[in-house]
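Below you'll find a set of structures to go through.
Below are two complexes that have chain A in common, paired first with chain B and then with chain C.
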Partner chain A sequence: MGFQGFEFPGVIAVALLGALVARTAAMVFGRHTGWVMSLVPVMLLAALLRRVPAVADSGVVLTSIPWVPSLGVEFSFRLDGFSLLFALLITGIGTLVVIYAGAYFSQKPRDQIGRFLGLIFLFMAAMLGTVLADDLIVMFVFWELTSLTSFMLIGFNSGSAGARKAALQSLLVTGGGGLVLFAGILLIGINLGTFSVTEILARSDELAASSWSGPIVILIMIGAFTKSAQVPFHFWLPNAMEAPTPASAYLHSATMVKLGVFLLARFDQVFAELPAFGTTLVVVGSLTMLVAAFQALRAEGFKAVLAQSTVASLGILVMLIGLNGEIAAVATVGFIVAHAFYKAALFFCAGTAIHATGQTSLRKLGGLSRFLPVTAVAAVLASLSMAGLPPFVGFISKEYLFEAQLTSDWNVVPVVVAVMVNAVMVGVAGVVSIRPFYFGSKRVTEVHHGETPGLLAGPLILASAGILIGLFPDALARTLIGPAASQLYGEPIDVSFALWHGLTPMLALSVLVVTIGVLIAIFWDKIHGGLRHRKLLAEAFGDGGYRWVLGAILGFARRSTRVLQNGDQHRYTAVVVSAVIMGLAIGMLSGATGVSLVPTGGPLRWPLVIVLALSVFGALATITSRSLIASLVSVGVTGFAVAVVFMLNGAPDLALTQFAVETLLVVLLTAILLRLPARRRHSRTSSERQGDALLAFGFAGVMFVAIASMTAAPIDLRLSEYFGQTSYLEAHGRNVVNVILVDYRAIDTLGEIAVVVFATLAVWALLRGAAPARTKG
Partner chain B sequence: MSLIFSAMARIFFALMLAVSLFLLFRGHNEPGGGFVGGLVAASAFTMLALAENVSVARRALHLHPVVLMGAGLLLAFFSGLPGVLSDRSFLAHWWFEVGSLHLGTATLFDIGVYCVVVGGVLCLIFRLYEDPAQ
Partner chain C sequence: MNLVYAFAIAAQMGCGIYLLLSRHVVRVVLGILLLSAATNLLIFVSGGLINTAPPVISAGSETLGDQAANPLPQALILTAIVIGFALVAFAAALVLKTYRALGSVFTDHHNAAEAMGSPFVEESSNG
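So, the complex of A and B:
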């Protein structure tokens, strides 16, 4: 494939590069950073658009670079109709978000623009990686990166406690869900022996037939539900509105939250044969729609209403994936496109309104069309698409939604839910576009910040695209929606979008929806006022459950800390020693070699006996001496005696190290003594001392039995022989111990010295705290 | 401290440093290696700190111990990179034979271990020996 093989990784790399240069660009270009940096996603968009004909013709383009060949993980990418659609949305809307963010932050310090755009580009790279990855492990890495960048963006105003709390909540929910998803991915890998989506799709029968298919489906669904904010994980998305509005428009409406939908759609073919899969999706999606529609009626903030309607839209998508048939596939793809267009535009308009007035509550906004005339028009256009009125693209996608429901083998319940929820969406559309901009002109008398080209580009382009696609839907249908839906369905679908379908049952439902929706919009104040103050509902549909779980975990952590970390060194030592005793005892009793009580170390040599007696003497002196210095020296005696034992048994390396360690230990402990009282007091009662003695004897006994059992068992010498033979020939060293440390097992050593470094740094920092007002570190 | 200890400390310091380097470089074929060598070197600096004072030992070290520790870790890490280039395997060492002398990236790795041990031990020892009342 040559150069072509690096094209998709290249797309991700360019986005990453954007993240790297964003800060510098902000310092150089200041207010114009948004326009300049938007060139990056425009380039990516162009590169991806070039691929549209190839994908529409052949279906799938695969590329791959080996990454961890020993684990079968490849840096492989798959461009098909579905992932291309997502990649185009990510880069296309990303372009507008970058322009908008530049204008939105234009009055903020330059480093804030840089930091924000850097995170947006990092997120863009993560999103592109997630949707383009063919290897599930690679996909998972990027998936978690989207959770992390989302965390950073929600908590962007880190001075606000609300933002920090919302950021943590989203990270715990989506990151935790990601771990569940990872478990599912690993189970797939174990069962099929591959992580490649392409191969998994080809061998879907095998996976569906395996006995692990149930757990795999559940784990993957939980991962998708957390990311796409489905019941019971729906609460994090509305709270995530603490993020700056450009981030909300990008992450929490148009792209990231659709990843769960993306994942479910990817696995739809694989799990289609499992009857519970579709049913669960329809039920969960419908429940999410109902809860979100209800919450949308209660919500007060401009962004909060939009967020709740986003949750409802995600519910619609999940439900659509749960339905069978090609119409459902087309409806899913069409709704993803329509929703991304109008919802991002509405978020942009909301951001401009909030930015101009400093007010977030819909009840305090009004008459903004005097100050923001173009934004008002864009908001109306976008919300007409959201309401599903002709000639907007939202109308077409809603017709397909109803058609998918009516042609499925489900009963009337999902249709009723969809009618109700869509009616609420119509009401929301009316409330978010007409009220703040055209009604209640007395509420706002002045604005801090007017419209600038950067603030208008996004909403205008998206809103007018909504009409254009609605009027001429066929071009988009053939080039993008058709290939994407075919990928989803598993077989080619001939999609022909048309605005006018004739007098169909779907049209009747649309009329019904609009009628109820207009009524909701008219009586919004009454409905909203009646629902707003219900505390019980807030607990049931909000994040009450999350807070209860989090509180329980924190309470458990506090209690266990009080017991385990009480600051008493005796307690720590006792816990560690008891754990070692138990571990060794369990290991020996359950081991294959059995327990032996008779030492078999050959004849007893006199020199060894003398050395051992010396070490016993040292130990006795340590515990009986009243002076700390004498105790220290006695500990040293025991240590040196052990070193001599090593030497007598032909382990010079070990002995050498033991000597050096013992010397330094005594020196270190003496240094600590400088800071302690010189006299030693008995701080332990006699019963405590008896307990200590018991532990010490227990430890000694277990060690004795362990060594006796080990020497009794036959030793497998194959490894030693291999090292002995190859040490000089392959690793150029005769000292096998050292060669193992620096060559055969070098990565272990690297890990160990890294641990040493970090542990030492921690202790060093603690000592620094204990000695304040020091001039030199 | 006594005059004799103080006078002898300088000589022993030099000797112990030499021994520590000797241990480090012969480690590949005879008993020794970066870990032991590092411990001996740390002892040498500790003795200097005891005989004179900590600031003398700090000056003798030139580098801040924490810097030394970090540099050691980096050196050990980077010694593994050539192997990635040639064998696509991290820490697969390169070797150069100059006559009977075998030199390789494994030696660099061992020097890294040496630096980590010296820096780690000394950053604690210096802290502890400095008079907390100062």
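So, the complex of A and C:
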């Protein structure tokens, strides 16, 4: 495929390059870094836009570069309608985020802008990799990279304990979910022998029919639910609002949190035949919507309200994927687009308001339209789209949502949930746009920062796009929404993404939603105040469960540390010895050769038996003797007995060395003992000694069985025979042991000499200069 | 015969472990000594002990005779003995230095680091 094969890796590489140069650019361009660096995502956006006609015509563009061929892992990429839509959102909103972040951080030190933009570009590369990858392993690597960059961005303000805690929470939840997803991916790979999404989609029947389909579905759903903050993993997303607002707009509303939805949509075709798949998605999505809507009414912070409504939107998307039919596919895609536009815009407006006043609580904000007039207009436009009023794109997507529900084979429950939750969204839209900007003008009397072009570009472009798409939906429907929805549905769909559908039941539901929503907005204070007092519900819906699990793990770690690492060397040795005994025993019992206690090795040679008995006697005397000098002599007895065993078995060299070393050691240790206090006491209590004796017996027992089994097994003598055959002919030495040491294994011997030299140096370093002893015991 | 070897080695190792578990540093060093002697013997036994002639090629011959003992474990043990010696010598010097610095040969007195408290106290109080 030539150069073309590198197009998608190239797109990712350019984003990575942006991450690399961001810091330098910030140092050079300072306040204008955002504008300059936004050229990178603009270029990527243009490159991707060039592909739109090809994808709209042919559906899928595949490229591939081998990566780990031995494992069947390829750097393969797949551009279809759905991934193109995501890639365009990532680069398009990414452009606005980069511009906005440059303005947002303009008063901050330059290295902070550089660090932030670097992370944003790294995230952009990771996101592009995730949505473009055709190989699931490659996708997983990028998926985890998005979790990591999310962690870094949430904890960007690393001086704040809350930010650090939220960052850790999101990493534990999404990273843990990532591992679960990885297990699911591996199961798919084992069952189908491929990691390619294209091939998996083609062979979806095979996967659905496999006996592992149940576990695979569950694992992948858990991975998706953690990433997209679905119940019961919904708690991390609102806490992630500790991130700087540009990051919240980008990661935690428009792009990253939709990866779970992306994944579910990818596998929708594969698992569509499993009845539990759709049901689970509808149930989990509906629960998430309800919990998030409730929490949105309770939330106080500007960003917190938006975050809860994002969770609710993700719930809607998950539910939509659970519904079948082509309308549901169109509704999913339409809502992804509409939500990305209005929610990112609202986050930008929230960021500007918080940045200007230093206040995060909605209650303390008011009358900002005097200071931030353009932002206020953008906020109203975006929230009208969020409320689903015509002529905004949000209205169209909501119509589709209701149509998808009414045409599905589900009964009325999801519709009721959707009406309620959408009503809350309308209320939220009214509250976040009108309250801080137009009401309560006494609350804020001055602002620290005004509007700058960088702060306005994002919200204005996104909010106006919301109207433009709403007014002229056809262009977008044919080029993007159609191909994406067809990809999701599995067959080409003729999309009529139109503003006016006529007097339909959906329109009636929309009117109902807006009416309730307006009431919620009007009575916000009463509802909000009433719900804030319900502490029990708050705990049930908050991150109490997460904190309990984390606390239990840390508590377990603390307790086991107290037991295992109590500062007593005796305990440490005992733990190690027990572990070795267990390891040996398990290894022996599960080994292929098994255990045998057959007497082999010829008849008893009595001289040897006597010498061995002497060695055992020496060892026993060492442990029973009350005097250290006597113990030392007893160890010497064992050492000399071993030397005699060497001698009697044709190893005079060994015997000689052992004699020499043993004599040296006895002399050396005696010299040291003379410098130590002679008084001796039991260092262990009698119960400790009993326990230690038990451990020693256990170790000896395991060793006895191991040695007996080992000696009963046949020996492989090939190496010894080789040395015996070649020692004289090739190395010209008659003493084979010596030849092995100085010729065949000369490097080992050199290492041995080095050990002795280092030990000598260490001893010299330890003992130079005689320090006077402090006597204590 | 193999069971006799197995018993002797196991008994020495058991005694070595018992000494290793002591809180008296000299007895720990003696335990290391016993364990390394027993381990050398174990390597020796693992080579098979049927033939007892030293592994030396006799004057008229060019290859090692059938009666010769297995040379490979012998070569390994020669290395092991020397390294074991270096280890024990270093441990003995450490014992002496420890006594000079801390004034005690009992490991339960060597707790200057533990006396400083846990490095994680701050973390654990935060939850």
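Everything below uses one rule, namely that the second predicted complex is superposed on the first by the 598 of 777 C-alpha atoms of A that agree within 3 Å, B and C clash if a C-alpha of one lies under 4 Å from a C-alpha of the other, contacts with A are read in each partner's own complex, and residues count from 1 in each chain.
Please note the rule applied: a contact is a pair of C-beta atoms (placed from the backbone, for glycine too) under 8 Å apart; a residue touches a chain by one contact, two chains touch by 3 or more.
These figures come from a predicted structure and were not determined experimentally.
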Should A:Thr638 be classified as contacting the first partner (chain B), the second (chain C), both, or neither? second
Who wins on chain A residues touched, chain B or chain C? C
Pick one for A:Leu767: touches chain B only (first), chain C only (second), both, or neither. both
Looking at A:Thr622, would you say it contacts chain B, chain C, both, or neither? Reply first, second, both or neither. second
With the two structures laid over each other on chain A, which partner does A:Leu664 touch: chain B (first), chain C (second), both, or neither? both
Looking at A:Ile747 after the superposition, I want to know if it touches chain B, chain C, both of them or none. Which is it: first, second, both, neither? first
Which holds for A:Ala630: it touches chain B only (first), chain C only (second), both, or neither? neither
State whether A:Gln725 touches chain B only (first), chain C only (second), both chains, or neither. second
Check whether A:Ala272 is in contact with chain B, with chain C, with both or with neither, and answer first, second, both or neither. neither
Report for A:Leu168: first if it touches chain B alone, second if chain C alone, otherwise both or neither. neither
Where on chain A do chain B and chain C both make contact? 652-653, 657, 661, 664, 668, 672, 675, 734-735, 737, 741, 749, 756, 760, 763, 767, 770-771, 774, 776-777
For the complex, give me every residue of chain C touching chain A. 1-24, 26-27, 29-30, 33-34, 37-38, 40-42, 44-59, 61-64, 68-72, 74-75, 77-79, 81-90, 92-97, 99-111, 113-114, 124, 126-127
Chain C contact footprint on chain A (complex, rising order): 161, 547, 551, 554, 558, 567-570, 573-574, 577, 597, 599-605, 608-609, 612-613, 615-616, 619-620, 622-623, 628, 631-632, 635, 638-639, 642, 645-646, 648-654, 657-658, 661, 664-665, 668-669, 672-673, 675-677, 680, 683-684, 692-693, 695-697, 699-701, 703-704, 707-708, 710-712, 715, 717, 719-720, 723-725, 727-729, 734-737, 740-741, 745, 748-749, 752, 755-756, 758-760, 762-763, 766-767, 770-777
Show me the residue ranges of chain A that touch chain B in the complex, using the header's touch definition. 652-653, 656-657, 660-661, 663-664, 667-668, 671-672, 674-675, 731-735, 737-739, 741-743, 746-747, 749-750, 753-754, 756-757, 760-761, 763-764, 767-768, 770-771, 774, 776-777
Mind pulling up the chain B residues that touch chain A in the complex? 23, 27-36, 39-40, 42-43, 46, 50, 55, 58, 64, 66, 69-70, 72-73, 76-77, 80, 90-91, 93, 95, 102, 104, 106, 109-110, 112-113, 116-117, 120-121, 123-125, 127-130, 132, 134
